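Next come the structures, one after another.
Presented sequentially are two complexes of chain A, the first with chain B as partner and the second with chain C.
This part shows the complex of A and B:
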């Protein structure tokens, strides 16, 4: 439904002020020179010139710890109740296009067979305002996985800074129009423009289709071992990843009262697949690294038709031993 | 049960606890809410998530047959946090159950055929559900043979049912224990399941085999089944990967693009060979 508008930075501030009272706004915030998605209530608190946050915004849909239900014991029986649904809409303000596109994957994944109730409710109340990238770093590789620094995929509104104080606004969805309607007079209509000269240059680092042919066909190979010797199995790549969806289910509390929760998990962990008997289908780290790469580029394509990597580069930036998914894919492209 | 939040469990009352073997118990579970019971249906081979509130959930098959209405049974070995909490439960206690999940054994395809059941140790519970299901529809199948082995006589589960099957003229039961696991009055075979299978050599023509047990038993049993005439499509097993959600989302049980919980757990040998060996 794309239509195009302009808004000045000053008016963007006013737009924020119009949205803020009725919505929960999550936005990147600078904390000790690093950036994190946090609830914000003042426009000044939003970082508009960051490259990437430490963790993705997936937690607005799929929180690190998500209560499935609460229980308490009464007269030898249990009462079970569900957490009350969220009332306010959530707006993520200033998410990067790579992260916005991860929401396309996440919604497909969680609503495919069984519609996950918590996630469906959050998705209905979620609005995404993305911000095209002015700058990128060496870890960024969105252009290698079918995206670009100004992609509107997954966004409701996309903002691109075209002059010092003017943003070009693409209204991507009905939900985006709903947001505009909070204060439509702050926006000025315009024609479609070529955004390419206003955005970061992210060189393409691999040809995903070519690499996929080898990733898909090579299972037993010393390449997987050699490439993963440095992996500690710490799982930070999965925690930082906007499309990693694996989780564990645990009870928090006593036999009398508590909650059953869903927590992020990672296929990098030994315990992730270990049977009660001690048998482990993926006993060594290279098999777990192989699973991660094959899941992102092969299995999720087979199951959902989508690569589950958006090129945000967080796994590369956060790995304590400099494991690098781009280098792995390059190795397989070159086989 | 709310149809949307799939993580809400049915509340089940433990009606009866049977001590099967060291550290192995069977629970007979009844639905606390009658409407849950009337809405509940499952097929043989499906599994569920059993939970002790405060300890968490654990995955086991439904060990009873769908032909036995009004209750379900599960059999488990005390191994980790949740199974220890279950093990410590008493009759009358309330636990959680959600399910059924996964696919099932295709009994309708087996009509008119002989059925060979092969189980090792704690691999009998999923097979027991199919055994009773077939026995309750006995006319639909030809010969029914059960080969069951355990490490020791003590480790054999469902001892009463083994006696019952042994007495039935329409069932051929072979029980075996590993060498050294026998007692002075043991009347069954002594030897590992694959060699006892070879000795018995039931016919593979117009027959299906259901195999469940430790990975090593399965690995050594499969070639013998092929030798005696079973085809890759007529050999079924049920995979037992670690699971959390049961609905193809948590990722734990994934074997390549295949989710044991939703694409399995029942799989024939032909399809099994298409998967990476991560089970």
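This part shows the complex of A and C:
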């Protein structure tokens, strides 16, 4: 439905003030020179010129710990109540286009076969205002996985800073229009423009189709071991990643009272694949790293028709041992 | 060839080692661990002030161990970890080679624990000022304020367990977090769940932490974890007068009984 508008930075502030009272707004905030998505209630608190946050915004949809239901036993029977997963409409303000596109993957993952109730309700109330990238760093590689720094995929509104403190606004969905309607007179209509000169240059780092042929076909190879010797099997890459969706279901409480909770999990952990017998089909780290890469570029394409990496570079920036998914894909492209 | 590369090359040439773990420049303008299994790759080996990962963590990694004889490029914290794991019977004299980088950046090959002990005594550094200030600030808080401070810090924890994975002293083949029958450490990230984890981690490292700060550097949400273990070390030093990572025959106070101990309930 794309239509095009302009808004000044000052009016963007007023737009925020119009949205704020009725919605929960999550936006990037600076904490000790790093950026994190946090609830904000003042426009000034939003970081508009960040490159990328440490953790993704997936927790808006898929929280670190998500209560599925509470149970308690009374009079010989169990009572179950399902807490409402989301109260107010939630707007993520200023996420990057790579992150916005991760929500396309997330909604496919959680709704395609089985419709996850919590995720579905949250998605219905979720609005995404993305911000095209002015700047990128050398961990960014969206252009290698089919996106670009001004992509509107997954966004409801997309903002691109053009000259003179003015943002070019693309209204991508009905939901985007709904947001505009909060204060439509702050926007000015315009024609479609070519955004490419206003955005970061992100060089393409690999040819994903070519690399995929080898990633798909090579399972047993010393390359997997050689490339992952540094990996120590923590959960940072999976937990920072906007498209990692693995979880672990736990009952917290006693047999009388408690909650069933869905927590993040990571394929880098030893326990992740351990069977009840004690046998672990992926006993060493190289097999876990292989699973991560194959899941992103092979398994999720088989299952959902989508690569589950949007090129945000978080895993590269945050890995304590400087493991680099781009390097791995390049190695496999070159085999 | 640099002096460091010369030392490394010699180790390969005379067949002393199968794998050398050192530092190299990486694709993102930083440095990272490099695993060199033949002398042809030695020109990639570097050392500069950006090389700070404590590589001794790899000593216990199964896929690294499989290579056979290892050599490590290590500075002060790495060597302290060597002595600490030696005192815990995880490494014997002669099990690996250490190319030590002194405080002026010069490399030398250390052959045994005695040389390592001397090196450590001669290359002591002070902990960073910022950290000492924060420690002082926390120690001056009231009990309630301190509780609040740590509760707030722990509430940020996402339980990625990177603080454990990068620690050269967290070498258990099965960490308590990897046991789920029963689930000792809950997997959710909640105030109580996070406290479980941080008490377990800090207590398992009390009097063992050699202060490399890897946990803190790795933490994606910047929790000043090293302060907990540093403070526990301080109490242990006050009560038992011992410091980890200085001697290969360190008697870890929490697992050794001495007749002159103040506590007499065990006698």
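Following the convention adopted for this analysis, the second predicted complex is superposed on the first by the 331 of 335 C-alpha atoms of A that agree within 3 Å, B and C clash if a C-alpha of one lies under 4 Å from a C-alpha of the other, contacts with A are read in each partner's own complex, and residues count from 1 in each chain.
Definition applied: a contact is a pair of C-beta atoms (placed from the backbone, for glycine too) under 8 Å apart; a residue touches a chain by one contact, two chains touch by 3 or more.
Nothing here was measured: the structure is a model prediction, and the numbers come from that model.
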| item | value |
| --- | --- |
| Chain B versus chain C as contact partner of A:294, first or second or both or neither | first |
| Partner chain in contact with A:55 - chain B first, chain C second, else both or neither | second |
| A:248 touches, of chain B and chain C: first, second, both or neither? | both |
| Chain B versus chain C as contact partner of A:32, first or second or both or neither | second |
| First (chain B), second (chain C), both or neither touched by A:114 | first |
| Touched partner set for A:265, first chain B, second chain C, both or neither | both |
| Which of chain B and chain C A:229 touches, first, second, both or neither | second |
| Which of chain B and chain C A:164 touches, first, second, both or neither | neither |
| Overlap of the chain B and chain C footprints on chain A, listed as residue numbers | 248, 250, 265, 274 |
| Residues of chain B that touch chain A when the two form their complex | 2, 4-9, 11, 32, 51-57, 77, 79-80, 83, 92, 94, 96, 214-215, 240-242, 244-245, 247-252, 254-257, 262, 276-279 |
| Parts of chain A lying in touch with chain B, wherever the complex brings them together | 68-69, 71, 73, 76-78, 80, 82, 109-110, 113-118, 120, 219, 245-251, 253-256, 258, 260, 262, 265, 267, 272-277, 279, 281-282, 287, 291, 294-295, 298-299, 302-303 |
| Interfacial residue positions of chain A with respect to chain C in the complex | 31-32, 34, 36, 54-55, 64-65, 138-139, 225-226, 228-230, 232-236, 239-240, 248, 250, 252, 261, 263-266, 269-271, 274, 284-286, 316, 318, 320-322, 324, 326-327 |
| Chain A contact footprint on chain C (complex, rising order) | 26-33, 35, 53, 57-58, 61-64, 158-162, 164-166, 174, 177-180, 183, 186-190, 193, 214, 217-218, 220-222 |
